[in-house]
Structure formats: structure tokens, C-alpha cells
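Chain lettering (A, B, C, D, E and F) follows the sequence in which the chains are written, and residue indices restart at 1 in each chain.
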Amino acid sequence: MKLSEHTWTDVADCETDLAVLPVGSTEQHGPHAPLGTDALTAAAVAEAGVDRYDGTAVIAPTIPVGVAAEHRQFPGTLWVSPETFRRYVRETIESLRTHGWDRIVVVNGHGGNVDALRELCGTLVRESEAYAVPFTWFDADIYDDIETDIRMGHGGPVETSVIQHTDPELVREERMKRAGEESATGWGEYQSGVNLAYDSAEFTENGVVGDPREGGPAVGEGLLDGAVTALSRLLETVATRDVSRPQRRD
Amino acid sequence: MKLSEHTWTDVADCETDLAVLPVGSTEQHGPHAPLGTDALTAAAVAEAGVDRYDGTAVIAPTIPVGVAAEHRQFPGTLWVSPETFRRYVRETIESLRTHGWDRIVVVNGHGGNVDALRELCGTLVRESEAYAVPFTWFDADIYDDIETDIRMGHGGPVETSVIQHTDPELVREERMKRAGEESATGWGEYQSGVNLAYDSAEFTENGVVGDPREGGPAVGEGLLDGAVTALSRLLETVATRDVSRPQRRD
Amino acid sequence: MKLSEHTWTDVADCETDLAVLPVGSTEQHGPHAPLGTDALTAAAVAEAGVDRYDGTAVIAPTIPVGVAAEHRQFPGTLWVSPETFRRYVRETIESLRTHGWDRIVVVNGHGGNVDALRELCGTLVRESEAYAVPFTWFDADIYDDIETDIRMGHGGPVETSVIQHTDPELVREERMKRAGEESATGWGEYQSGVNLAYDSAEFTENGVVGDPREGGPAVGEGLLDGAVTALSRLLETVATRDVSRPQRRD
Amino acid sequence: MKLSEHTWTDVADCETDLAVLPVGSTEQHGPHAPLGTDALTAAAVAEAGVDRYDGTAVIAPTIPVGVAAEHRQFPGTLWVSPETFRRYVRETIESLRTHGWDRIVVVNGHGGNVDALRELCGTLVRESEAYAVPFTWFDADIYDDIETDIRMGHGGPVETSVIQHTDPELVREERMKRAGEESATGWGEYQSGVNLAYDSAEFTENGVVGDPREGGPAVGEGLLDGAVTALSRLLETVATRDVSRPQRRD
Amino acid sequence: MKLSEHTWTDVADCETDLAVLPVGSTEQHGPHAPLGTDALTAAAVAEAGVDRYDGTAVIAPTIPVGVAAEHRQFPGTLWVSPETFRRYVRETIESLRTHGWDRIVVVNGHGGNVDALRELCGTLVRESEAYAVPFTWFDADIYDDIETDIRMGHGGPVETSVIQHTDPELVREERMKRAGEESATGWGEYQSGVNLAYDSAEFTENGVVGDPREGGPAVGEGLLDGAVTALSRLLETVATRDVSRPQRRD
Amino acid sequence: MKLSEHTWTDVADCETDLAVLPVGSTEQHGPHAPLGTDALTAAAVAEAGVDRYDGTAVIAPTIPVGVAAEHRQFPGTLWVSPETFRRYVRETIESLRTHGWDRIVVVNGHGGNVDALRELCGTLVRESEAYAVPFTWFDADIYDDIETDIRMGHGGPVETSVIQHTDPELVREERMKRAGEESATGWGEYQSGVNLAYDSAEFTENGVVGDPREGGPAVGEGLLDGAVTALSRLLETVATRDVSRPQRRD
């Protein structure tokens, strides 16, 4: 049940303690994929995941701006500081909690949000009466059933394929060739286990990591299906897990 | 040009210093209108306003959760603290500014956001190189051409009419009668110029202020048209206004 | 009972749960009225209002610096950020509350404080065991009994008249002519319901809005009388109002 | 020149870079002395000190609530947190600075403010273009010319004497005997150089430290004279001191 | 050159722009390894790494308390909030920068610090004139030359081995058997790529993950050697890398 | 019992509610004494003080960076802001409290930390269930048994003597002559009870206040002995003192 499309009396009648909060980002995804990619995929996974789940969960509106300063050299990238993002998401979750939805899955579509989401959910679990976990769809086990060896990059085959499936009109197919040819092959510049780079513009000219031509709408459909299944199973677990904090060891 | 639907290369080619940022809220709007009313109307006004404007402006994604603790007794209402809201919106605007869009109109759909938006835009104008103003569509001169005397309430004829026009499937027409019959006639409880109430549940049983039956889709079309025109004219002004800060008086 | 002038044993014997906190500003009020106008008027209204009230209330000292960055181009204007102002006033109120004065009326003399006071009082009412409302004297119904059509400006006839009545030696009568001739006629520069200006120096050369010559000491006496009556009535209401928070709607 | 009593055009004509900011507290001073003692004495010293100074300085309004949680068990005591106090005072000083008054002496009347004022002035000196120092009048060399051996306590002979001189109607002479008989002889409970007490109620029953009967109006006149002289000399020094920050040692 | 053991004149003569800041944690490491394990290993790696580096770097003192709320159910675990940790480390780094050491490697010994260090270093790189990266020694390529397949756990073979090598007297060998028998085999409880656990007490009874008996002092020597080499190479890279921020893409 | 060197099972068996937290600074101490002087002395006093105490107390690791911006012109000086320092120390204390160690003595080795420690301990005592006091070793009564009239300076005879006793290899004896000859004789530049200086570089060329040649290792042994005795007695007092907050006076 999407909160935005229902009335307060509708949701008052909805008996569940599960809520899903999609969180995206508005940031460069290469010359071929839209700035809204992460919000679109998070929302798509969240909605379909709740549908597939054999139970009820409310869906909050998608938070569209996240932690993305690493892409700020590319026009159109929006971002807030990690601290502001944590406050905004945490307080939104706390307002969900007041209505009895005290088990929350944050469905995330952006790698740059991962650490901040983990931190705020952990703090919230320890300090409040709610339980929340972040689910980043492309970090779930979604690759096994896809007959390619594509892996998450940025604006690469994983994200582009999903958008080609869900919002094909937003992908500039005519720019795919160039997007792929000029893409970087890996995220960051590593040495001794350390990523020396802080901005994506340090290692990719056009903002792309991974060749988006390796995917396509069918691949996207498969990836989405995997993510949706993973989310629906996670919802089952979260609905029933003992989320009380453990006892002190003495 | 909606940022979410375009690529960074698209927006890099877009020559303008104008950006529009829609801001809504997810909160009760009575038993008949959706929780997402304020975000939907802000987005609709923003998009049509930029279309009507004889120039170019980029449109940021809609911020969906605002300052709405005053509705928290009604299920489904989401909110963040005013301070967190100010930080989130301000930093989003500052990221717009880094791309050269340093004249920003915040298109607001929620009364509870008004003070916070005015404060943050004022602080930003004084401390940064950007100019930003909040435009709250229902506070513009949109009532003169409508042949009724309806005025802004909450989930009342103004907001409901616009949603009946833009998203009719989201209005529960069968609940309009009851929504209206049990609505309050005014916002707050005033004495000596002071609103003694802090929560809408202090003065409205079902969350509604104003009888939504006094409007309708045609009224909504007219109101939207008025808001769109007002916004387009505001964009013209903001595009050309001298926004430098005045000199000290000595 | 003014706290500043009494001992702790005096106030321990004072049986009331009502406190009044005057809040002003130190900021330009044109070439003719003192920088302390807003603090002086707030203190005068507070003191006389408590006198007229048929009951007891303690009066806290006047907070002299508020939210006034909008006048910063004029020498002598002091201000703090809205956030700091909210913290300072809120914590002062919370200290009043610890002594059993948990119904507080903030008597405000400055338009720039209005939004910040409303926000902090609302947050305090929701989060603590106290009830507080801001009363801005010139926003009360004080104009009906005055046989002029003067309205609040800035350093205009309303404020100047009151100071002419309470502190006549602080008004430079010899500058009234020029103050009036060079005054602006309205506060701000509006379009589409939006005030495009953030600083008073954008629309007034000498800091004055409204012609102060339209008032005078007798007008000031009448305005003050109206404000005092409004405050005393508000105190009656606040003393007895049910200030518990409303129940959830389910 | 007291800012509160002058207009912006007056202060624009005032050629000085010196400002004085009185800071007090509203807190218990025993059964005999008023809660406003610290604000009254700070204001009195500030005003007379500027008069005696052979030069010009503007005087800001007195900040009436400080760091006084240590007295919170006594009715009427008001306080804010040290952090909020620092922010409020610092931002007030920064607004003074914008008008060219960039050498500021904070005249303080409350021991509980001392550490916070020193910290905020130090931070301000290092981070901004202003120079500020806190002057706590009873810590200056004011005791030598008084033919008693009274020393600062709390509500004791030093503070009470000054109020007896400046505002005699605010001292309850009939309670002096009891105030003195039940007073504590020292501030705090020390061991190994550590004050083990955090609240004055831990070591004084009636809030008094030091016997106020040891002073009187003549003593108060002498103490005030000493403080005023000390302040006027400090203003001379601050007006001419090289306040640039020292060079790095390399 | 360890700052703590040298004078300011010593370090003034030290020509380098490289600094190393060890960061640990004080937290449970099972019944056999000391609470100080992470600080000890960070300091050991930092010191030996700078020695091996063919150049000069100053070494700051070890920060001993980090982000460790996940172990708080185990006695002796100390922690601060992530936000406080970020502020403390960042400001320490900024003070290093003022002395010309503007390339900083944070040598980290605790997994719980990783996200916070990455965030603060990234913010610092973007906002200040310094470059900083966190190096977490057990995340470097240190396992290849060790003829076992041990991997990082918690109080497991990796950390215990290093302490057995550097501080053997601090390991309770007599408790190793029980530590290992009751240890967990993995960190966290994962589903769909999500760690459902927030506290280590959710998945380990005695705080141990991984069997410490699989290592030993010789293994520890090898691991330390690997970490030291990795750090020394990282220092070479950081000393010469172009750390300017990339240009905007337009 | 030093936490860093024991396991969680060791400290779980330790029956006490006393904890000691050493806090130092890393900052210039002249050309002859190490930057780590304050951390070294705090740790030495803490460890020996707990040993001498006829009871049990746990010892937390030493916090090495404090409030020291006043020495920032001297290379190698590290510091954080007072606010960050307060947060870091307070949260560390609060983590101690969760393990039942709710009576905490902060053993401090740096004058610049004094005010911040007093403030944070006071706030903590008032707001939490713990009791904490800061003990600054050189402010205790340690001078009486030493047959000199040396007094605390900075890098002067008191601190240098203690380091000569505890860590003689860290004192550059060959520079003592010059350190003493160029030392300042007092801390700060006072007038009217006000320290006009904010940075030590304003009044000392080489960072030294007091002639370190007036002490020596034997003096240091005596001073340390005095501090250790003072701390052990303080621990006895803190262990048994009634630390409940006093009642309101009504």
C-alpha cells in the first residue's frame, strides 16, 4: 500500500507493522542513463517486492536526494551531506514508527548511501523501539540466474539493464556505444586495500563504470526479478525476526 | 527539463541559471484525499509552470517529506523536524547551485513548510552566492478567476479540486460527503491574534478544514492554471531580478 | 511579579503556573526611533498585561537580541541566527518550567521573531510537559478602537506611537518629518504571493515603513491599552485551557 | 552610547571600534538579594565604566540569562546550556563586529559564565576578525581600597553591597540577618584541588555564600568605583592593543 | 618520528608533508585477547610501517576509543557515537595539516571505524587543503604469504596472532581453547545481502569470531610484516600522488 | 586494572564502580620536553594513583588530544575544538557507566582541558546516572612537601621534573639551558583580572613558562608522589560520597 496514494483512513485500517522506505539519489549515470536511475530502481524494487511478499507492508514515498558528492563534478548531480541524509531518513523512519510500523526495510538504489544507511539504522535500532535494515538491491544475490557475468559498476550493465526494462524511454540507446567505449572498468583506484580516489571523476571520464552494452532489457527483467524475490524474502524474515537487543554478558 | 529523466550530458547542454525544486509533504488530507496531496500538487505546478515559462529551467525531483508534526495524530503522516528539513532542502539547493543554477524557485505544496522554507532561503541568500525564494502555490493570487469564494483549508476544496483534476483516481469521491460534513471551518483556535492550537487534531476530527464538496475538477483546473501562470511570471522575474545584497547604510 | 526584582524566596511563595517572557530585538527603527524599540514595547506590554490580568504571573527578564539579520545593513542592528535564538528562548522557557511555571506566554515585540517563536513553542509543547504560545502584540486586535487606519510597518506609526507614549525622550521628534517623507509604504516586494526581498534595505532607504507622523502619544496609549487587554485575556485563557495533546485517530 | 536608546543614524555617526556587552544571569541570590543581581551589576559597571573611559564605546543591551544550572534547585533561577549561551553571545558579538565595533569587552556579572565566555571569546578571536575579552567585575582588583576583607561569595557582602548602593529598594534588609546566619562560608566542597559539588544546594541551604551583613551601601560604592576604574583602564588597553595573532614558530 | 616523544623544535626540523594517525578501539576481543587489541595493532603497524618507508613521516598518538557500540553488551567495551568519532578524528587531522603535514594516512585497527573514517576523510579531502586516506591493516593484501587460510574475524586468528607476536603477555593462552570452541564462524547474520544483526552479541556468545588457535606468533609476525609492507608502499604512493580534485565535466 | 591490557572476562569479574580516565594533550612543551608530556603525566599519575588506592578501579586508555589551540603556532601541537573534546570525553565516560563504573575520576594533565572537563562532568552529573569529577594533578596540593617554590608554568619545572623522573630519555637535557633562559615568567598578559592573550605565542618565544632548570628528577619524584597520594585519597572520597542531586528548595 503506497502511502502517497492512500488516505489516512485507508492506512489506519491496514494491519501490519512492516514499512518499506525507498531511497535513491539524483546523480550522473553516464551519457545514456538518467540522473534519476537510483530513485527509479529503488522505487521499482520496493513496489514489486511488496507485491510479491505474502503479507502487507506500507510503502513510503521515495527519498530522491542522497549521499552523492562523489559525482559532483558531473552536471545535474544533487547531494546532501551524510549527516543531513542520516537525519532526514532517520526522522522519516521514526515518523513511520509512531503509526505502528516499527519494522522498516529501507530499499536503497545507490552505493553512496550504503554506509550512511547502515549507520542510521543501527543507531535507531539501539536507541528507539523500531527495527530497520537497509536493503541495497544490487548487493543481494541477484546475479546467479542471469547468464552473464556482469557485475555492478556505475551506469553500467546492471543499472542500465533495469532501467531499459522499467523505463526504456529514459535510456539514450544512441549513446550506449560511446558510453561503453569510454567507460572505466572498475570503481576507484586501489592500493593496499585502500581506495585512493574520492570522486568518480578521478577514474571515469564520462561517469560510467562497466560497459552498459553487456546488458539489455531482458537482463534487466531478470535482475529486477531477483531483487524483488530477495526483498520479498527479506520482508518475511523481518516480519518475524526477534529484534530485541541481546542481553549483557556478565 | 526534469533532472530525473535526463542525463548529465543533457543538462550540461542546458543553458539556464534557473532551477525549480518542488517540495511537498506526506500527511493526512482527510478521509477522501491522498496522503501525497502536497507532493503531487507541488510537482504538478512546478512542471506546468516551467512549461508555460518562456525560457528554460531545470526541475529537481520532489522532496516528499516535510514539516508536518502538526498532523502526527493521523495515521500515515510522515515528518521530519524543521531543522532537518531546512538542512536537507538547503543542501539540495546548494548542490543545484554548483552546476550554475543559482536562481532557484522552491515550489511548495504544504503550509507547514512555509516558515522553514522562508528561513532557509533567506539564510542561503545571505551566506551563499545563490538566490532562492519559496513559492507556495495556494498563497499566490489564484482565486480571483474562480467563480467561488473557496479558500485554502486542509484537504478542503482548494487542494481536493486540484487533485480531482490532476489525479482523479486518488480521490475517494464516496467519502466526500462525510469528509465535508465533519470538516472544521477554520484552521486553528485563535485568540488575541494567537493560534492556541498546535496540532490539527485539536480542531478537526477527520483532518479536514473546509468543505471539499465546494470544489471539483473544473475548479481544480482553474486553480492550477492560476498557480501555473503565477509561477511562470515569478520565473521571469527571478531570471532577471538584481539579486545582489544591498549596501550598508552609513 | 518581575523575577529580576524579587528573591527566590519571594517567587517560591508565588502560587501560579503562569509565566510571561518578553522577547525583543535590538535593530534599526529609522532615524527617529531607538534601536531598542522592540524590547521596550515587549517589556511594557508584558508588565502592564500581567498587572491587568486578574491573577498572578511571573515575568522573566526581556531577551534583547533576536532574529534580525534582515536589518543588518543598518548600523547598530544586532542579531543571532534563528537556530540560536530558538535554542536560547526554548531553554529559558524550560528553566521556567522546572519551577512549576509550565504555562508560558512569550510576549514578542519583533516581526522577525514570529516564525522562530512559533516553531520553538510548538516543538516544546510536543516534546516537554510545558505549554507555551507566542503573543506578538501588534498582531493582536488592537486597531479597532484607534480612530486612524494606521497599520504595522517598521518604525512606522504603530511602534513609534507606543514609544512616544512610554519613552518619549527616546524619540527624535525633529527627525520625524524626514523619517516619514523617506519611508517606504509597504514591507517587502511581492509577486505571486512571494516576497522577493530578504533585507529591509532592499525596499527602504532609511529603514522606515509607514509614516510615523500619522500616530502620536495618544495613539500609542490606545494601542498599548489594546495590547494590554489582549494579553490579559490571553493569560486568562492560557491559565485554564486544556493543553493536553490530542489522541491519535485510529 | 547605549544602543537601545539611540537610533541607527546616531550610532552610524559614532566613531569608535569599541563595544561593551553586559552579560548577567537571573538566579537565586539568597532570601535578601534579587534574582537579577548579576544582570544589574553587569549593566551598572558597564555603563559607568564607559562613562569614565576617556573615549567612546557603544553599549549593547544586557543579556539576562546565562549559565546557572548550578542554582537550579532554587526557585526563579533561569539558565541555558553552556553551548547555547556561547552561541548566543558569540553571534551577538559577531553582529557588533559587522558595524565596525571589532574590539569588544564583555562585562560579566556571574561566575558561572566565566568559563563559557573565555572559551567563546577565544574561539572568536582565532576564527574571526574581531577581538573580544570577558571582564568579570568582581575578579578585578577592586578589593584593595575597601577597608574590609570581604571577598566574593554568592549573594554575599560583595554583590549585596553593590546592589545596596545601586538599587537599594531591591534588597530585603529585614532578611539580612537570617541570610547571613544561614550562609555558607565557602563556595564548593574541595578535596585534592577538586570541587566535588556541582550544585550550590549541595553546600548552602539558603543559597548564600558569605555574610552579606559585612558590607553595606558604602562598601558597594567603593567596590563599584573600583570595578568602573578597572573597566575604563581595560577599555584604554583594548582600544590600542595589537590584537593580531602571533606568527608561527618554525 | 613519533610526535609524543619529540619536541616542537624537533618536528619543526622534520621536512615532510606525511603524517600517520593510528586509530584503534577499546572493546571486547573474547576471553583471551585484550580490550586494547585494536589500538595496539594499529600503533604497531603504524610505527613499523613508517620505519620501513623510505622517507619521513610523523606519527601522531593513537586514538584509543572508536565506533564500537556493536560490542557494548560485553564489559569493558568503550565507544563514542560515529558523529563524535568523525569530529574528533577530523579535527585532529586538521591540526596536523596546519603544520604542513597535509597528506595523512589514518592507520586503523578496527572494523567498526571503517565507514566513519572513509566518510570523514572524504569530506575533509573535498572541503580542506589536505588529503587523507584510511588504511585498515587487515583489509590489505596480507594473507597471501601466510600458509594458512585464516581470515579476519573478531578476536580470531588474525588479530590474536599479531598480539601473540607483539604483546604475548597480553594473551591468555589458557583460555584459547574455550575461546575457539565457543567462537562463531562468521560475522553477522546475512540474508539477501543484508546483515540483520547490529550487535555482536546477537551471533557470538563469547565475543569471538574465528578460531584463534588457527594462528600463533609466527603467523602474527607474517601478518604484521605484510601489513607493514602494505603501509610503507601506501606511504610512497600518498607522498607523490596528484591529490588535486578533478575538473568539472561540462 | 588497565582496560587495554585485560579481557572482557577479566573486567567482568572486577567488582568496583570506580573508573579512572586519563586525559592529556599533544602540544608543545618547549624545546626540551616532549609534545606528549601531558598525556604521559596523566597516565603516570592515574596508574600509580590507582595502585596506591586501597581498593579497585579500572583505568581507561589515555585520551591523547585535547583543547590546545592556544599552542597552535608551535609545530606538532594537536587539538580539537572544546565542543568536540567534550563530546568525545563525555561519551567515553557514558560507555564506562554502562558497565557499572558510574563513579569516574578524569585524571587530567593539561591546563587547557580544565574548563571543558568541568563543564562536561557537570552536565553529565546533572543529566545521567553517573558521577564524574576532573582531577588535574598539578592543581592538587602537591607543592608543600617539595623544598622549592616552583609552581606550574608550561614546560617549566613542574612538568619537566615529572618527565625527568618518569621518562628521562624524552627530555633533551642539552636544551634545558636555552629553554630556561628564553622562558616567560608567567602565563598570559593580565590587566584588571583579564588575560588579554589567547595564544601562548603572545607571551613566550619558545613555548616555555617557568625555568625548567629549577626542578629535576628528584623534584619530579616528589611531585608525582604528591599527586598520586592526592588521587588515591580522592578515589576514596568518590567511592563513598553521596552523589545524589540535592532537593529543590521550596
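Here is the rule we use: a residue touches a chain if its C-beta (ideal position, glycine included) is under 8 Å from a C-beta of that chain, and two chains touch if they have at least 3 such contacts.
None of these values were measured; they are calculated from a predicted model.
Asker: Using the touch definition from the top, list the chains contacting both chain B and chain E.
Answerer: Under the touch definition, chain B and chain E have A, D as mutual neighbours.
Asker: Hey, what chains does chain C share as contacts with chain E?
Answerer: Both-contact set = A, B, D, F.
Asker: Looking at chain pairs B-D and D-F, which one is connected by more C-beta pairs in contact?
Answerer: Answer to which pair has more contacts is D-F.
Asker: Could you check if the interface between copies chain C and chain D is built from the same residues on both sides, meaning over half shared, or from different ones?
Answerer: Over half shared, hence same.
Asker: As a quick test, compute the distance in whole Å between the mean CA positions of chain D and chain E.
Answerer: 48
Asker: I'd like to verify one number: the distance from the centre of chain E to the centre of chain F, where each centre is the average of its C-alpha atoms, in whole angstrom.
Answerer: 27
Asker: Which parts of chain B, given as residue numbers and ranges, touch two or more other chains?
Answerer: 8, 12, 74-75, 81, 207, 249-250
Asker: What is the complete set of touching chain pairs?
Answerer: Between chains, contact exists in these pairs: A-B, A-C, A-E, A-F, B-C, B-D, B-E, C-D, C-F, D-E, D-F, E-F.
Asker: Considering only the defined contacts, which chain D positions touch chain B in the complex?
Answerer: 8, 12
Asker: For the complex, which residues does chain D have touching chain C?
Answerer: 3-12, 26, 28-36, 39-40, 58, 60-65, 72, 74-81, 84-85, 87-88, 91-92, 95-96, 98-99, 170, 172, 175, 207
Asker: Give the list of chain E residues in touch with chain B in this complex.
Answerer: Touch residues, chain E against chain B: 249-250.
Asker: Flag every residue of chain D that touches chain F in the complex, lowest number first.
Answerer: 69-70, 73-75, 81-83, 115-116, 118-119, 121-123, 125-126, 133-136, 139-141, 191-196, 198-199, 201-202, 205-207, 230-231, 233-234, 237-238, 241, 245-250
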